[in-house]
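Here the structure is laid out as C-alpha cells; the discussion comes afterwards.
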Amino acid sequence: MENVIECVNLTHSYGNKLIYKDLNFSVQKGKIFGILGKNGMGKTTTINILMGFLRPTGGNCYVLGEESHNLAPKTRAKIGLLFEGHVCYEFMTVAQIEKFYSQFFPNWRKDLYFGLIDRLGVTYDHKISNMSCGQRSQVALGLIMAQDPELMILDDYSMGLDAGYRMLFIDYLIDYVRENNKTVFMTSHIIQDLEQIIDDAIIMGRQKIILQMPIKEFLGSFHQYHFSVDGRLPDLDFDDTVANWESLKNHYTVYSFKSEKDVKNYMSNKSVSIQDFHETSMNLEHAFIGLTGKY
Amino acid sequence: MNAKLSRYSIIILITISLSILLPNLYWMIFDKPLRTPQISYSPIIKDFVYSQTNDNNRDEKTYRDNQGNSYDRKSYEALLPFSFYYNLDKWGILPDSIDGIPVNISYIRRNSQFVRIRSVYFHTPMIQLNPLFESQSDFTRLEMPNELFRISDKLEFLNARSNSVVDSLSELYNQAMTEQEFQFPAKYIAGNPTTRKAFDEGYFIIDATNTVFHLKQIKGKPYCVRTNIPTDLNIRYITVQENSRREFYAIMVTLENDLYLISYDDYKLIRLPIDDFIADEMDLMFYIDPIYRTFKYYSDKELKCIVTDHDYNVIDTYQTSWTPKTEWVSSKIAASIFPFQAERENARTDYILFNLKFSGWLALIGIFLALGITIFVKVRIHGENLKENWFDLLIVAVTGLYGALAVLLIRPEPWD
Amino acid sequence: MFKAILYKEWLKIRWVVLGSILAVLGFLVYIGLNVRQYFEMNDPINVWIFFVQQKVLYYSILKYIPVFIAIILAVVQFVPEMVKKRYRLTFHLPFSETKSLFIMSFIGMGHILLVSVILLLGLTIIGSIYFPVELTASSLVSVLPWLLAGFASYLTTSAVVLDPSWKYRVLFVLFLTPFIQSLFLEQGYYEYKYSIVFFFLISLLFGIIILFPGYRLRKGSVK
C-alpha cells in the first residue's frame, strides 16, 4: 500500500527557536490519521508544512509523491484542504462559491455539495459572511466533498462549532470517507471526537513525536493505574514503566504501557507498601492527557 | 525563476528611486548658493565696478571697482547714474551731463532698454497659437483680437468663441503671404502675444526655405514683408522686442551661437560682438543706456561682460570665473558616494528629464565601498552563500550604494 | 479557469468599478462645466490665451485620481485575499500561483486602463468643443504621466497588501513612491514630452513586482 503522506527527517525552526528535529511518519492510503498534541508542540507547524504553506528548514515532506511546498497544480486538485475557522471566500454566496470552484475540478460532484447545503435550509443566494460558524463549516465540507479529492487535510475542523455541528460534520465526514476510500489527515482540539474517527495517530511532545500507533492499539496498551501509599513515595522517574504520574496527598495515579503485574512489581521495588491497586479505563482524551500531562 | 525576476525588478525600481532620493537628501544638506558678482560699467570712471555679497558676512555686500578700490553703497551707486538715477536724483547728486550728453531721468528712461535671453527659453514647450494684433489702431491701447492664428501648411485664424476656422480672414492672409512667395510650412514663429506692450510689431516667421518674413496687421489688412535676411544662418531663436527706441525689431540667435539684431533699417542685421556665447549653457543680459551697450553672459562657471558704443564697437571687456558646483568638494564627495544621480529637473529646461548623471572615475570608490559592505553583510551577518544570487553583486557593482541598499534590504529567499 | 478568477475578482471589485467610473465621469463633467464657465464669464480669446500662453492646465483636478482609484482597487481586490489567511485558498487551487496573481493583477490593470480611456475620451470631447486641436492634444499628452502613475500605484499597493511582513510593506511604500512621485512634476503642458517613454519603460518593471511577495507568502516566509 503506498504512502499518501511521507515525512522524512522533518525539521523546523522559526528563526532560532527549534520546533522539532528529524520527525518521521507516514500515512497510508485509505487511513484516517490524526495528529494530537498540546499547543506549541508543533501540530500547527506540521499541518502547515503538509498543506504546503511552510517550507521546512530541514528534511522532506512528500504528499502524493511530491514535495508539499512545491506541489504541481494537477496534484493539488487531488488534495482537499479545510482551514481552521472554515476559511473561505466569505464575500461570495452559497451558489457563487460553487460556481467558482466547480470550474477548477473536472470531477466536480455538484450533487454532493448541494445535497449538504439543502440540509442547512439556506437559500442559494445567502452570503457566506452572514452565516454562522456551523453553517460555514458545512459549506466548507461540501466544497471539499464535491472536489472528490484523494486526500483530505483538515486543520481543526471543530473550531467555532457547537456540539451539534461537530457531530454533523463528523457524521458526514465518516460517511463520505468510508464510502469512497479517502485518506484523511486531521487535527482537532476536541480529542473526544477524534476517538471515533481516526485510525492512526501521532502525538507530538516537546520537539519530537511521543507516540505513533493506531488508536485501538494505543487505547489497548496504555493503562491508568491507581493506588495509595502509607507515608510518602519519592518522586517517580519517567522511564519504560512510568510514562507519567500524578499524586494527590497519598493517592497516586500512574500511566504506563506495561501490564498491571509489571507495574506492581516496579512499585514494590521502591520499597513502599501499596494499597488498593486498581486500573481504570480511559477514553482517548484521558489517555492523551495521561500521556502528555495536564499542563 | 519568476519570483527571482520579481525580486530583481523590485531591486531595480528601488535602486532608481534611491538614485532620486539620496542625492536629493545629500544636496538638501550640502547645497550652497552661488554668489556671483554684479558687474556694471561705470560711465563716470570708465571702468568696471562690481558688488558682491561678503563671503564672511552674508548680510553685507562689498562694492569695488576694477582697480581694487572699495566704495560704500552710496558712492558705488553714484558711479552708475544710468542704473540708480532715481536714488541719485533723490540725493540731489544726479549729474547734469555725462560725456557731453545732457542727463535727466526722462532722457535716461527713453534711451534705455533691457533684453534677457536665458537658455531655458530654448527648451520650453509652447503651443504655436498666437494673436495678431491691430498694430495701427485708432485706439490707444492694444486690444486682443477674437482669433488666434496658426501656421502649418497654411495660415489659419481660429475664432475663440466659435472654435472654428475663419475662412475669409485666413484666405486674406494666405494670399498676402503667397504673394510674397512664402513657402509653407512655417518653421518658426516669433512674436509677443501680449497686450502689455507699447505697440505691436507682429511676428517674424521663417518659411520652409529659411527666409524670414515679417507679418503684421495694419488697419485691418495684412502686411507681409519678405526680408533679405540671409537664409544660410541656421536661425534657432528670435525674440521680438517692441521698444519705443525703435532701434531693432528683434534679437536673433543662430545654431552657431551668433547673435544678431534685426534693425529697423530694412531688417539689416547687426552682428553682436560676442564670439564665445553658448546658447544652451549661458544666460545673456543685454543693457542699453544713453551711452553704452553692455552684454553680460554667464554660465555655471564664468561670467563675461562686454561694453560697446552705439555702433557696437567694443570698448572694454571683463571676465571672471569661479569654481562651478561640479568642482566643489561636496560634489567630489557626492561623486564618490553616488555612481550616478538621477536628474529630473534642471534650471536650463522646462521639460521633465530622466537623466542619470554619471559621476566619472570617482564612482569607483563608492562602488568598491558598496561591494565591500554588501559582501560583508551578506556573508557575516546574513550568512548567505554568495554564489547563489550572484547577480546581486553585479547590481551593486554597477549601481554602488543604491544597489547595495536595495539588495541588502530586499533579501533573497530560499528559491525552489 | 481564467473565467473563474475573473468571476471572483468581479464579485469583489464590481462596486469599485462602478463607483470609479461614475466618479471619473463626474470629474469630467465638472471640468467641462468649469471650462464652460471660463468662457461664459470671460472673453473667449482671453481664455485661450490663458491656457495656451500661460500653460495653465484646465484638467489639473484629475492629477491624483488614477492613483486614488488604483489604491482603492488594489485594497478591495487583495485585502479580502489576505484576511484570515485566505490567500491559502488561492494558492491551493489547481492552478499556477503565478498565473493566478498575474490574472488578478491584469484584471485590476484592465480597470485602470478603462478609467484611463474614459479620461482621455472625456478630455477629447471637452477639448473638441472649446479648444483648438493643439491644446486638446496637449491635454492628452500631459495626462499620460498621471495615468502611468495609476498603474504603478496599483501594482505597488497590491505588492504591499500581499506581502506577509510589515518590514517589506514599509520598504515598498518608502522606496517605490519616489519613482511614482516623479510623474507629477509638471507645471505646464507637454513637459514630459521627451521623458515619458523612459518613464513608461521603467514602469513596465512594476508589472512583475507582485510575484516576489506572492512567493514569500506562499512559502511562509516572514523575514
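Read from first to last, the chains carry the letters A, B and C; within each, the first residue is number 1.
We adopt the following convention: contacts are C-beta pairs under 8 Å (C-beta built on N, C-alpha and C of every residue); 3 or more make two chains touch, one makes a residue touch a chain.
This is a predicted model, so every value here is computed, not measured.
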item	value
Nearest-to-centre chain - CA centroid comparison	C
Of A-C and B-C, pair with higher C-beta contact tally	B-C
Whole-Å gap between the CA centroids of chain A and chain B	77
Mean-CA-position distance for chain C and chain B (Å)	35
Geometric centre distance via CA averages, chain C-chain A, whole Å	47
Sites on chain B at which at least two other chains make contact	414
Residues of chain C touching at least two other chains	219, 221
Touching two or more other chains - residue numbers and ranges from chain A	55
Residues of chain C defined as touching chain B within the complex	39, 43-49, 52-53, 55, 98, 129-132, 134-135, 138, 159, 168, 171-172, 175-179, 182, 185-195, 198-199, 202, 205-212, 214-216, 219, 221, 223
Sites on chain C touched by chain A in the complex	1, 3-4, 7-8, 11-12, 80, 84-86, 88-89, 91-96, 218-221
Partner chain C, residues of chain B touching it in the complex	2-3, 5-7, 9-10, 12-14, 16-18, 20-21, 125-129, 131, 144-148, 150, 158, 160-161, 163, 193-194, 344-345, 350-354, 406, 409-411, 413-414
Touch list for chain A against partner chain C, complex	48, 51-55, 69, 73-77, 79, 81, 83, 85, 87-92, 96, 99-101, 103-105
